[in-house]
Amino acid sequence: MTTNGLDSVGAEEMFDQDGAIFMGARRDPSDCQVGVFGVPYDGTTSFRPGTRFGPAAIREVSSGLETYCPQLDRDLDTLAYADLGALNIAYGAPEPVVQAVEQATARILALGLKPLMLGGEHSITSGAVAAVAREHPDLVLVQLDAHADLRQTWLGASHSHACAMRRCLEVLPSEDLLQIAIRSGTADEFSELHRSSRLVPLHQLHQRLSALRGRPIYLTVDLDWFDPAVMPGTGTPEPGGFTWPDFAALVDALQHHNLMAADVVELAPQLDPSGISSVLAAKVTRSLLLLMTQ
Amino acid sequence: MTTNGLDSVGAEEMFDQDGAIFMGARRDPSDCQVGVFGVPYDGTTSFRPGTRFGPAAIREVSSGLETYCPQLDRDLDTLAYADLGALNIAYGAPEPVVQAVEQATARILALGLKPLMLGGEHSITSGAVAAVAREHPDLVLVQLDAHADLRQTWLGASHSHACAMRRCLEVLPSEDLLQIAIRSGTADEFSELHRSSRLVPLHQLHQRLSALRGRPIYLTVDLDWFDPAVMPGTGTPEPGGFTWPDFAALVDALQHHNLMAADVVELAPQLDPSGISSVLAAKVTRSLLLLMTQ
Amino acid sequence: MTTNGLDSVGAEEMFDQDGAIFMGARRDPSDCQVGVFGVPYDGTTSFRPGTRFGPAAIREVSSGLETYCPQLDRDLDTLAYADLGALNIAYGAPEPVVQAVEQATARILALGLKPLMLGGEHSITSGAVAAVAREHPDLVLVQLDAHADLRQTWLGASHSHACAMRRCLEVLPSEDLLQIAIRSGTADEFSELHRSSRLVPLHQLHQRLSALRGRPIYLTVDLDWFDPAVMPGTGTPEPGGFTWPDFAALVDALQHHNLMAADVVELAPQLDPSGISSVLAAKVTRSLLLLMTQ
Amino acid sequence: MTTNGLDSVGAEEMFDQDGAIFMGARRDPSDCQVGVFGVPYDGTTSFRPGTRFGPAAIREVSSGLETYCPQLDRDLDTLAYADLGALNIAYGAPEPVVQAVEQATARILALGLKPLMLGGEHSITSGAVAAVAREHPDLVLVQLDAHADLRQTWLGASHSHACAMRRCLEVLPSEDLLQIAIRSGTADEFSELHRSSRLVPLHQLHQRLSALRGRPIYLTVDLDWFDPAVMPGTGTPEPGGFTWPDFAALVDALQHHNLMAADVVELAPQLDPSGISSVLAAKVTRSLLLLMTQ
Amino acid sequence: MTTNGLDSVGAEEMFDQDGAIFMGARRDPSDCQVGVFGVPYDGTTSFRPGTRFGPAAIREVSSGLETYCPQLDRDLDTLAYADLGALNIAYGAPEPVVQAVEQATARILALGLKPLMLGGEHSITSGAVAAVAREHPDLVLVQLDAHADLRQTWLGASHSHACAMRRCLEVLPSEDLLQIAIRSGTADEFSELHRSSRLVPLHQLHQRLSALRGRPIYLTVDLDWFDPAVMPGTGTPEPGGFTWPDFAALVDALQHHNLMAADVVELAPQLDPSGISSVLAAKVTRSLLLLMTQ
Amino acid sequence: MTTNGLDSVGAEEMFDQDGAIFMGARRDPSDCQVGVFGVPYDGTTSFRPGTRFGPAAIREVSSGLETYCPQLDRDLDTLAYADLGALNIAYGAPEPVVQAVEQATARILALGLKPLMLGGEHSITSGAVAAVAREHPDLVLVQLDAHADLRQTWLGASHSHACAMRRCLEVLPSEDLLQIAIRSGTADEFSELHRSSRLVPLHQLHQRLSALRGRPIYLTVDLDWFDPAVMPGTGTPEPGGFTWPDFAALVDALQHHNLMAADVVELAPQLDPSGISSVLAAKVTRSLLLLMTQ
């Protein structure tokens, strides 16, 4: 297990750097603005596992993209960001995994970096949100997802991917959660979505975000928000989703906000032999990197 | 071969219940509104076989969907429908298969259930249409399909999937067939489509259906109507097809009609290792179940 | 969730019978000799997950085999055995899964059936061994496996698949464990194997089993014992394994012993698109069924 | 549909030459010793279809092999053989397919060529055997197969692949059938195999063939005779099969016999994404071509 | 190596005709309007190879399409076009491949045919453009592509697929290049695109083409112009692309222009096991064939 | 592009360290005995490309193996070896690739390390052999391979994978080449093999190696030497190959020799979705590492 550059920041036990690295990233976090790390965990996945391979796949295909983004007219080549590697976790129960995520996120924040987490299943998000919200109590959580993820428990587990947002609400002081165009859930979940003001249709996105101008934002991208046509490699595909122009509109909307932290989760690359899911996830990651280094 | 619950209705020789069951369905048809059954047949498929695995795949992935449908705001959990299993058929010539489909459909109707058939290739539809049309002579047939399927014969066979609608017209007393946005066929088939008033562009769907208000409807969904991007797992993919919002518009249009019977055919799951085709077919099936139990 | 036949034996909450059934099996356990059940669990799998799909795959391909076995000259058609379906488990921590396995095995024994468990990952075996050993304290455990599985813990978990035999030894009063031709492990594990008399080369199999004549036997088949060429669909393939004639020799050796219980674990069918791994697992299961019904 | 060279021999309606060609073959059969043709049929396949793609796959991968065979020390480059293309067949019932095979084989014999048929499923063999046996009433049939294929009917069809040898016996005047090391069948089939002297263990092959010296031989190679490890791409894989050295031994044995006709059937290339099954089938075909041109 | 019909035109050394043929095409180019040929080359592909299999895949799936095109209301059955087979090339350095393409294109033009080339990687285009531009100095080049392909060199090679358009500009006297809706490139490439007037947004396509009425057009279709959802089988997929209706709009726009030559490149069929990419490429080829035979 | 640890040895331009690392290896070569490096090149591959992904695949699956080898009773954990990453190469012509390999090998030797190269196609071997032979003129080359690889040129290229051994002989002063159990080649190649004493049947391996005791050995492992059943993931699979026990016998034989350098080439991991080919290649690499650090 190699951990080049991490010994200087006391994180050498936390991460494993034996895998590939995201295009253009450094191992040493000094002078960087963003700290990318992977959480190869899919222990509570109930339907089709494999998101543990997500972080590695995103890194491997990233070199097939350009570093320049025409939409934002900015280039990764001019920026400094670190890829810290894979978080060391134990397989089995999710609670220690969520704890490890929280500690890693806190360490990254302590280093002065904005955390960008690559999953792994969605249950890991609450760990990262908890760490960021402790530093930024007015944090707003924006969720791209096909599913509401508001169950209290699922198949006997509370830290399940199907409960991801329920757990996040518990560690988010502001309880400000924007759930963008959710299209699947139980009758109870949709009843709650309609009662609260959390469900945001795409066409209200700009307006709803404007009201939050200046607040720190955590963006969690459950990749199954995208349509299965463009993102077949995910465990619980749901027909009727979104495509790149929809995501690009969100990127536009976020340009003038304070994107403090983010994650990209639920990529299961082995379900998609064509690899287009991994490429989409890498391009999403490139956009987030550029938004977080403005 | 197990056939739980069927012995009471005298159908124990007709179906095989050794396979998986559609989410939330019962084996015993008593008190049910809909009778789901599979026809694992692809004997006349000329290009890429595998639709025989369609019914099993739809059932297996169904548990990855929620039982609640936000569009219709209704929940399968509150409804009673039976999954009768797989129709027992002989491989080889299609004629005895079509006959077996007709007999099974008639038996299901006799039990007071609406038939919902999972294919299998499209040639099986004429058997089900024949049985339903005998009870409902004013039956209207609505076809979602990429292909006109109006050939008289194909590669020497009359009960070929390429002749599916031609055979249906022969057993449909009303000859009222709506072919929704067909996009592939021979010059002769398109000539016939344009001469008749059968070809219905998507934007005329509501209006054309309105004229048929009150009439019993049989909806046959050849899944290759969908674009190959969202439905790669079908034998004869045709670029330029439709996506979920288009199907959802049809579901909206059918809410106030009398959907008496339906089928979902031409899923070839092994052509799509990502499984998104099977999930789409299962979601289509969920919508049809909800429409047939209003 | 359907559970036909189980209500009469009070196990209707324990198993889910929505999936396919093993060829020739019944749902109702009355008058049966063997009770087959699946445990679709892979929560501690550290390398490549997917054994959760093993039980379903074994059942689905079983119909491609004949019911007659030329080696044993016996036919499943003449025997009575039940397929009780899938054990209901929670995803996440392994401990409750192992407990559920123990309770299910005890229930099956109480019904007068010999348990035959389909995995799932190897960590489930200790639950079944515990239940059988409680009734049969002189139980002998015979392990086919590529790996020693004798770690005390693995990646922070004690009920990991890498610790399967360590956990079994803790619940096996006799501590009589035969590890057949293990070919992978740590230096410590091999040191222990060589110190103890547990490691049994293939050519000593007959002789070592003979010494145990009359004792009840639990056979655990980790399918990665087979060579990756014949069993590519497993999470941790290890070159240099065995083929069908080697297994047939074991079947020969076991014909005159008291095979009281067995499991077939670590099939990860999605890793092998050809399906030959599932077919091999089904043929292994057929042999075990025939050995358990003599 | 192109049929170069066939117009001169009056077979232009019989074959389709739009596909790839076997390495080193000609289209024009003049002056050739062997006539290769494909039968892309899998209409009665009950388990996993796809043998219709077998002939094309064998041709496509053939260029990855050398034309020289070290075992026989002979080179295809020095020989003349024709690839006549794909037999035109109708999908659906098998009877007309078997008839078309018989007519095509007769035509090839009339041209002075030895027929070498690439399948497709095994049910086509009886058509070719019938044509050859009409010219050579003392024809001996040698079968490589995992399965006995002696059922009278299967799933309601008499010309099923599971009945292939039963149908062959009906058109083989000598009834001399050698079934090499069959390893799967019903109890009845094995009872018949043991009663008759047809079942030939591998070690008796040389001796049993010697007794037939001088007689014309038809060799039918059902590729599932090979072990699934080396031939995963077949519809009904059966563990415990054979490998290349076993086949090479048969080639040795046949060197001094009169191999008059042959077929290679049951390759389902899409089940094996690695392509090794197709390569093995092509190498088998190369050996047969060399044996038939001595 | 067979080359039917080519001996009469002196090209028998240039092409290999052992592979499959595009639907409805002839081998003999006499009296034909278009000459289709394949260039199975991917030697400079830096990310994911496999476009060498593109030409064969397009031909193989072409028979799954109808010969009639409803959009253009024209039928391939009424037209004469030749499929000359695969260009013989050496693997390794790209320069001799580009030269061979140029010679083959010149030969096809000399036969009075319009060339339609199936790739292969994009680096081959400059060879064909050079030959056409020598005969038609006012040739306009229209490029469908995700990438600008304007690098001077890439990974040390000048004839790389990443430099395809740079090389084309060098052999195109008019330097009239329309780059349709390019969405990926370096900062330098986009700077050049914006400086020049080459970048054509989709909505300006009709207008920009109108200004070129009467000029001979070479259309190069890099299939990664399409969205990865509809074209997953390409080496460098780029999210945010186009779908069939966008291409159909281009076909509409080209109906009244002089399409003199075309190519369809960058299909990597093995990356897409569903085959929808190959079908899309074949349908694109059908449209081009119809446009080139008006 | 990161190159940790290499700046100290002046090789930071030569290797790219953005990818995964072989289990247990270090990045910094100081104090190491072996220097592993990858050459992701498949530019001359004529049949099925993809060996460029070989080095990455070997590294990724290596963590699924134990570090301890029971055969040699030694453990990688106790040894020091470096993984220097991927050699930077240009795609296109093979000559500069072979040169880069030669320079990299020379640099590694200069650092006091034994080179262990992961391919990539076989044409790269001559570069490494040249560098080693310059330091060790009495170098013996031992080749595991299905193919003779003795062509002078292939498809117009001299540095083709089909000419690998011909090129090696040109840079090997001793011309001592042992070709172990070659099973495929042209008539000319086999004629040369039989004339020379290079072809070594497996049973003569020990004896032939004994005669070379004390001489430095370069072992090149073309993985297609193995049977396609255990190594489906290679470009040119050849039935009739070898399995793990055969390789283990070679390892035994080499224990008392001076293994100075080695390579493992022709793994094409994407052809084998099960991954067993990559695991076998990683286990081969583990054995070589242990042999080279004795």
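First chain written, first letter: the chains are A, B, C, D, E and F, and each begins at residue 1.
Simple rule for what comes next: contacts are C-beta pairs under 8 Å (C-beta built on N, C-alpha and C of every residue); 3 or more make two chains touch, one makes a residue touch a chain.
Everything quoted here is computed from the prediction, not taken from an experiment.
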Check the residue numbers that chain D and chain F use where they touch, and answer same if over half are used by both copies, otherwise different.
-> different
When B-D and B-C are ranked by contacting C-beta pairs, first place goes to B-D
Counterpart interface for B-E, drawn from C-D, B-D or A-F and sharing over half of its contact pairs = C-D
Chain centre separation (chain D, chain E; CA means) in Å | 40
Roughly how many whole angstrom separate the Cα centroids of chain C and chain E?
-> 55
Residues of chain C whose C-beta touches two or more other chains = 63, 227, 229-230, 273
If you go through all the chains, which pairs of them touch?
-> A-B, A-C, A-E, A-F, B-C, B-D, B-E, C-D, C-F, D-E, D-F, E-F
The answer for chain C against chain A in the complex is residues 42-46, 49-50, 52, 89-94, 96, 155-157, 159-160, 270
Along chain A, where are the residues that touch chain B in the complex?
-> 47-48, 183-187, 190, 227-230, 232-233, 236-240, 271-273
For the chain B and chain C complex, residues of the former touching the latter = 2, 4-5, 18-21, 23, 26-27, 56, 60, 63, 273
Chain A contact footprint on chain B (complex, rising order) | 63-68, 70, 73, 75, 227, 229-230, 243-245, 248, 273-276, 279-280, 283
